[in-house]
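All chains are identified by letter, namely A, B, C and D, in their written order; residue positions are counted from 1 within each chain.
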Amino acid sequence: MPGSVYGNMFKISTWGESHGKGLGVVIDGCPAGVELSENDIQQDLDRRKPGTGKYTTQRSEGDLVEILSGVFNGRTTGTPISLIIFNKDQRSKDYSEISKVFRPGHADFGFHTKYGFRDYRGGGRSSARETAARVAAGAVARKILMSLGIEVKAYTRSIGNIEIDYNNFDIDERFNNAFVMPDSNAALKAEKFLDEVMRKKDSAGGIVQCEISGVKPGIGEPVFDKLDSSLAKAILSIGAVKGIEFGLGFDATKVTGLVNNDGFFYDENKNIHKYSNNSGGILGGISDGGNIIFRAAFKPTPSIASPQKTISDTGENVEIEIKGRHDPIVVARAVVVVEAMASITLLDLIFASMSSKIDYIKNYYENL
Amino acid sequence: MPGSVYGNMFKISTWGESHGKGLGVVIDGCPAGVELSENDIQQDLDRRKPGTGKYTTQRSEGDLVEILSGVFNGRTTGTPISLIIFNKDQRSKDYSEISKVFRPGHADFGFHTKYGFRDYRGGGRSSARETAARVAAGAVARKILMSLGIEVKAYTRSIGNIEIDYNNFDIDERFNNAFVMPDSNAALKAEKFLDEVMRKKDSAGGIVQCEISGVKPGIGEPVFDKLDSSLAKAILSIGAVKGIEFGLGFDATKVTGLVNNDGFFYDENKNIHKYSNNSGGILGGISDGGNIIFRAAFKPTPSIASPQKTISDTGENVEIEIKGRHDPIVVARAVVVVEAMASITLLDLIFASMSSKIDYIKNYYENL
Amino acid sequence: MPGSVYGNMFKISTWGESHGKGLGVVIDGCPAGVELSENDIQQDLDRRKPGTGKYTTQRSEGDLVEILSGVFNGRTTGTPISLIIFNKDQRSKDYSEISKVFRPGHADFGFHTKYGFRDYRGGGRSSARETAARVAAGAVARKILMSLGIEVKAYTRSIGNIEIDYNNFDIDERFNNAFVMPDSNAALKAEKFLDEVMRKKDSAGGIVQCEISGVKPGIGEPVFDKLDSSLAKAILSIGAVKGIEFGLGFDATKVTGLVNNDGFFYDENKNIHKYSNNSGGILGGISDGGNIIFRAAFKPTPSIASPQKTISDTGENVEIEIKGRHDPIVVARAVVVVEAMASITLLDLIFASMSSKIDYIKNYYENL
Amino acid sequence: MPGSVYGNMFKISTWGESHGKGLGVVIDGCPAGVELSENDIQQDLDRRKPGTGKYTTQRSEGDLVEILSGVFNGRTTGTPISLIIFNKDQRSKDYSEISKVFRPGHADFGFHTKYGFRDYRGGGRSSARETAARVAAGAVARKILMSLGIEVKAYTRSIGNIEIDYNNFDIDERFNNAFVMPDSNAALKAEKFLDEVMRKKDSAGGIVQCEISGVKPGIGEPVFDKLDSSLAKAILSIGAVKGIEFGLGFDATKVTGLVNNDGFFYDENKNIHKYSNNSGGILGGISDGGNIIFRAAFKPTPSIASPQKTISDTGENVEIEIKGRHDPIVVARAVVVVEAMASITLLDLIFASMSSKIDYIKNYYENL
């Protein structure tokens, strides 16, 4: 029945509810010898944290991470790393509104039918707050990937119908606006659009694009544990994601093979390149040397203040207006969550690749 | 390093190469007491088999499945079911063309870098022929799902730019044309389009839609092993799939929350319904009672007879024209593969749900 | 590389070092609806805790467990249960003695070679203190087993050469002496023996016997995940255990089949019994309706104050006398750890059994 | 519910019944580049095969293994290796005797209660014949271990009360007698003893000892996936095994710490040794550089021709005499099964160790 454990060799076990005592993650399988401090993790957590702007929740979550185990004298020991984030903001609220009503677009109904009852406070385990634990674990995976020369960078590609213009693309610009958009013009348009959405007590969705550089060819396991199938699971496990595509993605269905196939070529130094990267860096489930590129579709935030028709758990048709402050869009805060899940998944498959050739094993064992 | 084992409680282990002695699958975790014959499985395999038409490979694959274990007196015994399909057509061909060249759009380069060498005969393990084993296992899962009242039906939604018209939708029509399209008009257009594609020695892609009815609410495990995240992995593990979306999918990013949220209501018999099914039957990773609906994007067949630029494994830039007969489109034959992977995944999660409540466990144990 | 996650459906992930901030466990897969309080867990933890007697460590560990997640309004919610025990006693000690020396009989050398360095404070992750997390998780499993009518009871069968006399056996007596022996006479002899051992700055080992009643036939998965093979892994994973045997165990090698085989018979009410229980309640890896009976051999505590020859990590042959207070025997405190690991393992296999028949699945799904 | 899949990175999936079409195993995770032929595997299978002697079954099983996939041009490709052994001897027999009766000491009753019915022909899945698949997979693991300098050698240590004399120990002698005993005198005594046992229509058990040389320190994962806990599960999963012990094992409970602890020392070349090997080569679950040594207890063959009391599946108390030829002892044929399971387990943990240090990962990735 478990679903909160993820990964094989770099394995994470997350826990915690929105309004419980806290949330956290245990990482089992982190190699020994990685320099790691709380600050390495806090950096990523701060990117997930609600901002001061009007497009994110005002609740002061704090979200200070603490390392409880697995690090000694500043380095990982190879044993489980337990990370905890205590909830600072647990004052008892009035949950009578949602305790007996299934909010449309939420997991309330699913949890109720599956488990017979549910922790309704702030959505309990199905709250987006759960992703803080993923981000904490992802920061550890990222640190290791960085040491291998691998960079995982995601950004907001679109909000509603507003898409970034790649002629105005600047990856560093993503940290200069509230929407993590690498295009300052698009960010301005998004601001205007979201003001209107908020005025209407409504919400919006968008697309996050993730690009990973430095991945050498050969990562990903044939058949079921492909690099793309594994990433797909990782990203779709993030609440509110309704789709994923790699490289050309759905548009690949509209071009022909001649257009879609990426030809290989050697440069003068016999390094291998591709003329294009329609594959998104993955062929047959294995990295092909190109940048890994995928896009994730996030639906509009389901929590909206407008009246909605739904049902109670006691058999009545009711109308609900969801009170309290809710992000009118989750995309901006989700960017670092996408990076986290991609990092964990990629690292896990790199570890899995280490026994793919008998030569690797002999080399390891001889030098033990 | 393994990647050919899939599932937790209904676990399959597939094996086999395109031009080896055969291919097969071992199913571990099939419950005892299911009536099962080779004919149950052959039905689905026949749907995957190349047809007599000009859009599918002419090779006579035979693909007769044999049950080697796990069935006694016509019923499953609860022990592993080994299914085997011997390759009938192993005559030694001339593979000199592709043995040293990495075909664009194929996994050749990935396998070579990952393993140091590869079985190049017909693509070896990365051939689409590998999916026969999935279909065989899927037929067993489907049989069990049917007994629970669950139906898994997929069809071709589009080929290139030709999309079916839902005003002309007839699910039974899908078996009347070579493209598994539930719209006879669209099938005619697709035929014309593919004739042109073949004439140009090119290939095309398309979109497969899958709909699953009869899934009760409560299936899917929170956080990582969600119903949609698990299906995403299952479907993206099929070669040539470049994207997946559930319900409104990518279009959900362009509407607002008020539009996207599906309101619940009770009918006069206190049965629960939704006013719409934008969620594709899954909320927070758990089935919500609506039909499960997803779409998978298949890229154009990478094997094309037109000349393409690529490289050899000995350092040369070369040009290749891929000889032999290849499907100009994989979509039609992939429909049953999508159904198979969806069936296996859904069944596995139904089993996983069985221990979600202490009452279920007590009820099971007391009646043991 | 991970090794701190255990179980499939009732899955636990433990963490923590002897002298770190604390230790804990995340349980994923606990069914919803189980009444659970910290007191349920504390009871078992108190049994593991060092006593006031002279045969257990004097350090005041406190070991107060806190439930951080997964319980709402007094019942489990089906989501991960995070349990934490903060270390109260972390004053900085002088570890210079053991930081550079590999203690004989300890994991120091293994950790050093495996990870390149180690948290030497109190043994770090390899300390027996790690078992507190197992006991906490085991208490949750035990609570569920109890509701099914299953009782898991272990006791000290022998210490050194002093064995309990089954003619004087009283299971309730085990809580009346410091050695958890169900025979008051044997406990007196053990006390005398251990006084002598301690005087010689030496240590002793012993055997723990575990008996589980109420296990219906049919639990355990054929071939690899047998009930006995799974229990063997569970018990051998406890530090200091060097062997396990079921039923007659090693003595079964000295009798013949006619003696060893347990005949079945029906009583007048058509209930099934066995004339004997030499199998220890398990045949072919599946419970046979008899009580599950096994014995675990614990080696003498490796930490002793007598001088021992060993090596430093800097290339020197050295002599070490291990200072500080150490239990001269671990058996008494290990009894509840044995129960915990047995409980977790058995419960996990009960869950696994739930999908063994198609009838169970239909019954579950129809009533969903 | 599955139980026929074993291992994490070197993962095997076995299938087959005693009197079905055949049996086999799929190995997923075998590294690429291993030279492998059917002869490599047949060698070990021949050691398991019933001999011509009077102490093993007379049935001519053939047991010729065929490689169906995963090997190309004489070397493993990194993809699943499917091995099959067709049953040659499937003539329909009269099973009326055992089809409705639960044989004492057998899994019949467990299978019946677990699955509702069972393949009773020759014991079905619970027949010792199942171990042929293990031996086939073990031969592949052994080949890889050999290339790392690791040798896995098991032998019969005792039969009934007849134990080998280590003063007369000659490992090569084990292949010169029908009992795989490395002591020719003991083998003679065993022959006499078994003649008597057979005359009485009875059976006997014995102990197999396994020694593994060449294992470097650092193998085994702390806490749950220890080297010894993993081996314990592997060995206890072999039918008829009722116990396992490592190093001094149960006798360690009778000595003191000073005796039991193995001191380390450097020799003049700064190589590390131990003064003794009471640990059996494993400390804290991690290899310590000494030979791995364990013993497995096999119960007497449960199939005996003497009359036994038992029950039918239709509610009657009955008496049964098990007809047909059955080995009066399984120990001799089990020796290679013990080696197989030990080899698979050890190799799997070696692979798991490869990501234990960040330096190993960097070294791998930089040289990719």
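Remarks
In the analysis below, a residue touches a chain if its C-beta (ideal position, glycine included) is under 8 Å from a C-beta of that chain, and two chains touch if they have at least 3 such contacts.
Just so it is clear, the structure is predicted and the values come from calculations on it, not from any experiment.
Where touching is counted per the definition, the chains common to subunit A and subunit B are C, D. Averaging Cα atoms per chain gives one point for each, and the point farthest from that of subunit B is the centre of C. In terms of residue-numbered contacts, A-D and B-C present the same interface, as over half of their contact pairs agree; the other options in A-B, C-D or B-C do not.
Pairs B-C and A-C differ in how many C-beta pairs touch across them, and the larger number is found at A-C. Once the centre of each chain is set as its mean CA position, subunit C and subunit D turn out to be 26 Å apart. With centres set at the average Cα position, the gap from subunit A to subunit C is 38 Å. Centres computed as Cα averages put subunit B at a distance of 44 Å from subunit C.
The set of subunit A residues that touch two or more partner chains comprises 1-5, 9-10, 14, 29, 31-33, 78-79, 111, 113-116, 125, 216-218, 222, 351-357, 359, 368. For subunit D in complex with subunit C, the residues that touch the partner chain are 1-6, 14, 102, 104-107, 109-111, 113-116, 125-126, 130, 158, 160-161, 197, 200, 202-207, 216-226, 228-237, 239, 242-250, 252-266, 270, 272, 275, 279-280, 283-289, 297-304, 306, 308-311, 315-317, 352-357, 359. Those residues of subunit C that touch subunit B in the complex are listed here as 8-10, 29, 31-34, 76, 78-79, 144, 147-148, 216-218, 222, 350-362, 364-366, 368. Every residue of subunit B that touches subunit D in the complex is listed here, in rising order: 1-5, 9-11, 13-17, 20-24, 26, 28-29, 31-33, 66, 68-70, 72-73, 75, 77-82, 84, 111, 113-119, 121, 124-125, 351, 368.
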